[in-house]
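Each of the next two complexes has chain A plus one more chain, namely chain B in the first and chain C in the second.
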Partner chain A sequence: MNTDAVMPKAACATCSLAQNARLIKLGIETGGWDYVVALAGNPNTGKSTVFNAVTGLRQHTGNWPGKTVTRAEGGFIYDGKRYKLVDLPGTYSLLSTSVDEEIARDFILFGQPHVTVVVVDATRLERNLNLVLQILEITDRVVVCLNLMDEAERHGIKVDDRALARDLGVPVVPTVARRGEGIPELLAAIAQVASGEYATRPHRIRHLDPEVGQAVERLTREIEKTFKGLPNARWVAMRLLEGDERIIEAVRKHELGELAPAAEMASTMQPALETA
Partner chain B sequence: MTDKAMPPDSPDPLLDMADSLRQEVGPDFHDRLVESIYTDASQIASHTVTHDGERGRFYWDRTLDRLLTSRTWGFPIMGLMLMAVFWLTISGANVPSAMLADLLMDKVYNALHGAASALSLPWWLSGFVIDGMYLATAWVVSVMLPPMAIFFPLFTLLEDFGYLPRVAFNLDRLFHRAGAHGKQALSMMMGFGCNAAGVISTRIIDSPRERLIAIITNNFSICNGRWPTLILMGTIFIGATAPPALASFAAAASVVTIAVLGIILALGVSWFLSRTWLKGETSAFSLELPPYRPPQILQTLYTSVIDRTLIVLWRAVVMAAPAGAIIWLLGNITLGDASLAVHLVQLLNPIGLLFGLNGVILVAYVLAIPANEIVIPTILMLTLMVSGSDAVQAGVMIEMEDQTQVYNVLVNMGGWTLLTAINLMLFSLIHNPCSTTILTIWNETKNLRWTTVATLLPLGLGFAVTFLTATVARLFGLV
Partner chain C sequence: MAVTVQTLDTLAPGQKAVVKDLAVEGLERRRLMDLGILPGTVIEPELKSPLGDPTAYLVRGTLIALRREQARHIHVVPLEEEQDEH
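Presenting the complex of A and B:
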């Protein structure tokens, strides 16, 4: 699964003409979109920087975890299609219950974005993969943005992005978002996954011990019977086995698979208040 | 969250099956799941990531971390950094402040009055617009713009570099001992910009108990609206008591002292809350220290000037113009033998003096509930108005070319002493949050009781502290 073929080559990547021709930054204009794209990732991996690079907005970025705790929305046009981009709070996992993790989880699950971009820190790949693997259980329309490649290089870390794409079954795009490097490739990958041109084959959590694995499988089959066409039955099964109240409630109310605006509730405050 | 119409045990075959399977698997499902995720992650990482040998990887970062978060050096370095930031701010802001004041309050002000009389506008209209609204706005701009334009970029540079998480790391130990969540150190850092943003940022704290503590104590982080008050008071009162060569240094030290006092208060109040109304276990968490990143100087300058300085200034101006109008009205509507402003100030003066403040300051803090930014301009206008000096028409601020004249107005006309200035600095740190923050606290907690506590607790504490300093100062005959 090599996506290089259709992407601009290195020299074009940093050329503003090539970018401007295909990308129109819309700022906070998000009406009439064709696709919704969520931006997830661990804290402090540069999500807001990617967000700014693509939308032309100036969400405040800061070098510390926990900077973004609300959703920020922006828009852009790429190759004639309108995209709404939603910057989610950074989280280490989607398994616990703090408000910021709930906002991120609910949006990916109930907001059903067409594409979820997971921004990962190339210098701390292993830890970041924990979140990627969890998101891949929820949605198969994922693009991994391998950010901070410059820092990785400085620290003598090399990441084989093609091997990573093969292992995860989704496009992996190396970027240096601060300098805008790799953003055109990222947009191309988002467009391909959004349109279905790139068929992902997401990695599923493998090393479940037999007892757990069996319980998950049995429950998954049952869920698939009740909610036909639910793309993430296995993940729901795991949440039910863990006793996640929010998901139990969603099952009871038959909210699963609907476009429930659950994520709206949590974001009454937009960061229009100046952030520090 | 549970739906009242459907009791939690309503029959649902799917949920029943999940229940029985959950019992079969046992309570350690979460740990076993997390373990398999970790195994997968490390397997993938192992054949996609290669290290260029182990040649001193992160060496520089680690050495710096050892120094900045050292038990011995962590706090002294923090103090020095803060001192440096404020020293640069205070010594750098003097000249541009004086230039702006000269331009806005002398040249433009006179030009506006010239234009008004050329158009033969009625006295009340030109008074209301030029002497009320325009002058208040001009004050805000000339007193606040220069220090903010220096302070915010410096602070943002430190932030971009990655220093703030190290401060949080240092403070974490203390917060833990105070029975609060370590992440409170992060929401506190956020509060140093804006308390409303700080309150929202407590969402990263998962325990509701610890989150409430963080919300209630966020107000002890000095926000953008309060830095200018502290910087001005520090400059003209504290700095002035030191020999000229050390003036900026003494002024910076006084501002740092107030900021540190804020941190101590946040810790103390957290300690108190976690042992009384909000008892409970302290949760553990791991704080990730991000890598140091070379700050992007130009971008930082741009964002901190446009996004922070101008937004704060805009808020100040938007609030100052109507406040200026109100003050002008208060000064020009007379009741009996004096203006409303005089009545109001005289009414509050005895109470204010009891706390080492005065009536003008109390009126200013009532008017400044929507935005702390207008405290200083309001104080200056009211002082001039109430003092009834012949040089000043009712409701009009005289031109003041630099900060020395601010000092003269406050001391000679307002009867201020060093105690008034110090207590104003203390009260600026310890009083109710601004209305935006109160509203945010309500939005985040949806609880009237805690919103009230968060509003009144600091106010009560502020009066207690200023009463204490005033009483001590009087006992020792210092004022």
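Presenting the complex of A and C:
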């Protein structure tokens, strides 16, 4: 029997190419977008691999941290909507101590992406969840991409993605980005959060000390008065109370709203196309 | 056997230890915590740079480089000693 003739057809229905039929990769074409999506995560979790899988670009990927030093941008169409995808440098927190972290943080904070995808390493979940929780403090439009599931499996690590999604209050999508596994599901989750079809209920850490809570409330109101239309005024208030030098400086110089354009510039100076 | 608390910079390469305390405040403390270094965390010096500073430590499955100046604020108890105590 000639099974070769039968096999390709059977494989077609289940392969990721067929499932990706709703996806059109646009490469560096990012004009006229409906939604902006940011890709964040700890260093070396596969952000750029996810980026390439979705945009069709070949942005340099490699197994070392600090590879994506500025933002890279790409585009794709999913279900008829145009998306601009911004690949951010890896960071352990939103507390900026380096230029990389500042770019990532400023974009999530002030670039106001419609969806922030946090790519996490399934083998180092505990470490990665710190950033997830910090991002959930400043935006509720989040999708967690649980990447490197193949490595986790090899290490005998099982991750209950449903329980995680329930606890975090946002979609959690297991992926093996370098093989394209889970990418269709990831795109569907991004589309649902972008359109508001999936209403997230992000896990937020409650402030135990009422005095701190009151101080945050008072400061938030002042910031909202001074910087009209600023998103995340509450987050800015908390950083001020913590003594974050960069934020203090930005408030003092009245340049809070200008942080986003600064991040914008960083990317136009460094075009996304890198020959792999 | 009494538990000896020492600072992270005095730990021998390959010697696992448990973090007991972070003797810093404010942003520096927060930074260390963001890197995954909290009381109770297992930490192990893995690589020393040629001049002995900074040193890369294995923390929660990732190598984190710390300068001696940062490491000497981290109080640790070598792992074997802690086990002896119980």
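We take it that the second predicted complex is superposed on the first by the 201 of 276 C-alpha atoms of A that agree within 3 Å, B and C clash if a C-alpha of one lies under 4 Å from a C-alpha of the other, contacts with A are read in each partner's own complex, and residues count from 1 in each chain.
FYI, contacts are C-beta pairs under 8 Å (C-beta built on N, C-alpha and C of every residue); 3 or more make two chains touch, one makes a residue touch a chain.
For clarity, every value in this text was computed on a predicted model and none was experimentally measured.
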Discussion item. After the superposition on A, what does A:Glu151 contact: first (chain B), second (chain C), both or neither?
Written reply: first
Discussion item. By the touch definition at the top of the document, which applies to A:Leu240: first (chain B), second (chain C), both, or neither?
Written reply: first
Item to complete: Using the superposition on chain A described above, determine whether A:Thr226 touches chain B (first), chain C (second), both, or neither.
Response: first
Worksheet entry | Of chain C and chain B, partner touching more chain A residues | B
Discussion item. Contact-wise, after the overlay, does A:Asp160 reach chain B, chain C, both or neither (first, second, both, neither)?
Written reply: first
Worksheet item: Between chain B (first) and chain C (second), which does A:Arg218 come into contact with in this model arrangement: first, second, both, or neither?
Response: first
Worksheet item: Touching A:Asn130 in the superposition: chain B (first), chain C (second), both, neither?
Response: both
Worksheet item: In the superposed arrangement, does A:Ile205 touch chain B (first), chain C (second), both or neither?
Response: first
Response to the item:
Dual-contact residues of chain A (chain B, chain C) 95, 97, 123, 126-127, 130, 242-243, 245
Worksheet entry | Residues of chain C defined as touching chain A within the complex | 26-27, 30-31, 34-36, 60-62
Discussion item. For the complex, give me every residue of chain A touching chain C.
Written reply: 92-93, 95, 97, 123-124, 126-127, 130, 242-245
Worksheet entry | Residues of chain A touching chain B in the complex | 43-44, 58, 60, 62-66, 69-70, 89, 95-101, 103, 123, 125-127, 129-130, 132-134, 151, 155-161, 163-164, 167-168, 178, 203, 205-209, 211-212, 215, 218-219, 222-223, 226, 237-238, 240-243, 245-246, 248-249, 251-253, 268-269, 271, 273-276
Discussion item. Using the touch definition from the top, list the residues of chain B that touch chain A in their complex.
Written reply: 1-3, 6, 10, 12-15, 17-18, 21-22, 24-25, 29-30, 32-45, 47-53, 55, 57-58, 159-162, 164-165, 168, 183, 186-187, 189-194, 196-198, 200-201, 203-206, 224, 287-288, 290-291, 293, 296, 303, 306-308, 311-312, 436, 440, 443-444
